[in-house]
Amino acid sequence: MANSKFEYVKHFEQPDNLLPNTWVVVRIDGRGFTKFATKYAFEKPNDKRALDLMNAAARAVLADCQDITIAYGISDEYSFVFHKSTALFERRASKLVSTVVSTFTAYYIYLWSTYFPDTPLTTPLPSFDGRAVCYPSVQNLRDYMSWRQVDCHINNLYNTTFWALIQLGGTRAADKNEILFSRFSINYNNEPEMYKKGSVVFRDYELVEPGTHNVAQEIEGIVEPVQQSKTQTEKDKKRRSKARIVVEHLDIVGDDFWDRRPWLLSNTPGKIPKEP
Amino acid sequence: MANSKFEYVKHFEQPDNLLPNTWVVVRIDGRGFTKFATKYAFEKPNDKRALDLMNAAARAVLADCQDITIAYGISDEYSFVFHKSTALFERRASKLVSTVVSTFTAYYIYLWSTYFPDTPLTTPLPSFDGRAVCYPSVQNLRDYMSWRQVDCHINNLYNTTFWALIQLGGTRAADKNEILFSRFSINYNNEPEMYKKGSVVFRDYELVEPGTHNVAQEIEGIVEPVQQSKTQTEKDKKRRSKARIVVEHLDIVGDDFWDRRPWLLSNTPGKIPKEP
Amino acid sequence: MANSKFEYVKHFEQPDNLLPNTWVVVRIDGRGFTKFATKYAFEKPNDKRALDLMNAAARAVLADCQDITIAYGISDEYSFVFHKSTALFERRASKLVSTVVSTFTAYYIYLWSTYFPDTPLTTPLPSFDGRAVCYPSVQNLRDYMSWRQVDCHINNLYNTTFWALIQLGGTRAADKNEILFSRFSINYNNEPEMYKKGSVVFRDYELVEPGTHNVAQEIEGIVEPVQQSKTQTEKDKKRRSKARIVVEHLDIVGDDFWDRRPWLLSNTPGKIPKEP
Amino acid sequence: MANSKFEYVKHFEQPDNLLPNTWVVVRIDGRGFTKFATKYAFEKPNDKRALDLMNAAARAVLADCQDITIAYGISDEYSFVFHKSTALFERRASKLVSTVVSTFTAYYIYLWSTYFPDTPLTTPLPSFDGRAVCYPSVQNLRDYMSWRQVDCHINNLYNTTFWALIQLGGTRAADKNEILFSRFSINYNNEPEMYKKGSVVFRDYELVEPGTHNVAQEIEGIVEPVQQSKTQTEKDKKRRSKARIVVEHLDIVGDDFWDRRPWLLSNTPGKIPKEP
């Protein structure tokens, strides 16, 4: 029994393959998270449990997908960076976005009770939307990452100040000023790094001395998706699966972070650190 | 503190708005569900619990989003139809796809224990990918739906036969034939409708007499997204939210299903049936 | 000698096939025609020679390409309508647009001396740009055509009034009013139809009685590109090539124009009129 | 008089802006040029007049559009390279392609009689189609250019041999071999450079010593469309308009061509050479 009469409808599917040799960033955002945060009484301006849950879900996405070299998260958003050489799903935008969003959501729901043991999740459930953006050059990609981290800093500074003011509700204006501009500035420095810097997720290898790797050249040499020999690909795969996926709260605007971790841009796995 | 130096990266985001006045089908598929079905020992060829879970997740998606008029599911896939007049997310493909996929995934994980009370879900978790396809005419849309239902029938017939053969492992060939082509053909008719027809999910109103509604005209009159007065939109919204979302196993290839439920294509809510 | 080392660059070409079963309108516009019109002293507000040249070039485009069923032109713009069933160039936008623009430009330059025998064309030469837009329904397409014709009317009314005022330069204000709102309104009716209605270009067959053809049904029946048998396609081709391509100045907003020329929407060639 | 009832059709136009910070190549091809070449009795395998006409039309395109830094042509095709920083027409693909195709066609028709003084052009007229492709890195762009030039070489070698064989029609096989592989190989070297290398069109400035310019760095520094101050942009514009547009037949696969002409990739105009 054939299905040919109706099969023509397949031709309406339109290709959405992303331009080769560009960095693909899939950014996801919580849908209606202001309301959601209120429902579950998230602490203001930052709720450690909620951020830890976001980070745990992001780690799971990286574990699921080796083509992602780094991810960066703040508040209810997360950006996942596919290396410019990725050929995953033939670089189809909808497949890349939906897979990241689905995997992230699955772990967010699944791990909820770990981070909120006393607050059972009830319907309507949290969900995320996503989109993919291509960046042609390393500079564009790093500027994107910097944009998010600077945004994190601005938002957090604003929110921390705002909520401090709320808590100081009854205080006289003069005191508020004093508090905010002298005493509080000190406090801000004492804020946890996760709130000030956001969270960076990546595979961890031995740090290298800056200047010892010519990453720029390595990257320029990659001119199209998947160029390696099969053996090399297999070797890299194994090494990546052995690497620990870490969540750090570091400055990613400056050069140092990238210089010491050449594998993030070159996509060549580094050395697995020895167990202490 | 301005973020202007890096903000230029926003301009790399490329629009992906879908053509107005076309039916948008978001189809999602389980990722690696063959392996997943083995891990959780799904019954072959159909596992009622797994299908019920899929249907429950699909119902939740319709409850979350009124712009979806109908959904159709078989096996580990589900198609959600946004009315051609939808202006949701400005019809951006990535937003539509990711929202459906995320909501579906969230409920799939959340409701797992309801349908598999004795089988706790363990990592790696199930996930789904998705894509959006536009269909310009009602005929194209109905042909798409028919394509999926005919596929359901073909696959189910094949799988049922295949697994029956497996179970008849030791039997002599002649007996197998006898069993499959005489006795078994009767059995196939006794198979549950859900396996043979798949599942249709929609808002339920009072059925109408075929021929009493000129849906074709109503639909042609809709020439662009969101055309109603605000009051009408609000009224429709209320009526839709009162309607029960049902899961049925009906023939959607023939005209009867559509003729008796004009609201599916016209997007005008019908009458709420009286409680019995 | 192989070219394989560099051939990978072919994969950067991204598909731009237009959605099947939609009407494709390619609209072209003169680039910098205000300046161009001044250079060649086009008459204001309408230059018959310039419009005739546009129409001649448009006729040549229709003669070159049978998949275009109708074209409509005003001022320095022209819209070419490909039937929704067209499979020309696999419906690739860049091929459709560039072919129309190139053919139109070629004839515009080539025929210049026919319409401007005393004004030789000098560099920089006139040129055109173009774009393709899809319209899913007949109503959308007709609304597009109506939009252009109403625009023609509005612009022409405005321009005619404006240039009349310029010519009445010295007159007293009161007289101007009298002239424009009483006397001139009569004159406007006497303006040539080409200025008031624009130009419609199409293959001419015998007109039919309105109501005798069910075009709507014929069109709905077409659900995907190219569905005919080869023989029928060949027959239609021959008939189309025999049809005279005419330039008319008719109302295309109302139903009458379309009802009497069912072939414009059905794409089924009509009867060739007998020679008188 | 308003046009609002129909104006909604404008929203069906879908954006086609090309990814920022990528090199845009618009390649045009003659439509049906095999037949066209026969009609006008082009010489085989290369017709100098036809190639000179192509080159003249390409020069006119560069003169018309400063955002094109280099063009390369072989046979009936031409590739035009827009600098990766171009913001022309907001990088809309259809505008870029149609403008190049239209301008090229206009000059091809207009200049025909200059290059074919004894062969008047008759209808149907020659025309061209085109498409735009983005290349993210300089390496990708150069590989594209190399691909075309190697193709030129392969095709020309093949065609020259083929037509030589045709002309040697009566000769015995053994003699043919002798002729082709010994004597002819010498002849091939004597072929005009234009046939062997194709044609490169660009603005000419003083050549620089290779190694004195760090183009790579200059290019990496450009991260988005239009970044200059207005004054600098104006200055550059003037210098570009003073530069002579040349047609050369050089090797563009090796580094030397690019190293000595840093302006091709940096988009910073060089020094205007002194008149001899």
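When the chains are written out, they are named A, B, C and D in that same order, and each has its own residue count from 1.
Basically, a residue touches a chain if its C-beta (ideal position, glycine included) is under 8 Å from a C-beta of that chain, and two chains touch if they have at least 3 such contacts.
Owing to the predicted nature of the structure, the values given are computational and were not obtained by experimental measurement.
Counted by C-beta pairs in contact, the busier of B-D and C-D is C-D.
Rounded to a multiple of 5, the C-alpha superposition of chain A onto chain C involves a rotation of 180 degrees.
Mean C-alpha position of chain B lies 50 Å from that of chain D. We define each chain's centre as the mean of its Cα atoms; on that basis chain C and chain D are separated by 31 Å. Shared contact sites, meaning residues of chain D that touch two or more other chains, fall at 8, 12, 14, 19-21, 134-135, 140, 143, 223-224. Those residues of chain D whose C-beta lies close enough to touch chain C in the complex are 1, 3, 5-10, 12-14, 16, 28, 31, 60, 64, 89, 92-95, 97-99, 101-110, 121, 123-135, 140, 143-144, 146-147, 150-151, 153-154, 157. Listing the residues of chain A that touch chain D in their complex gives 19-22, 84, 134-137, 139-140, 143, 220-221, 223-224.
Here chain D touches chain B in the complex through residues 8, 11-12, 14-15, 17, 19-21, 223-225, going by the rule given at the top.
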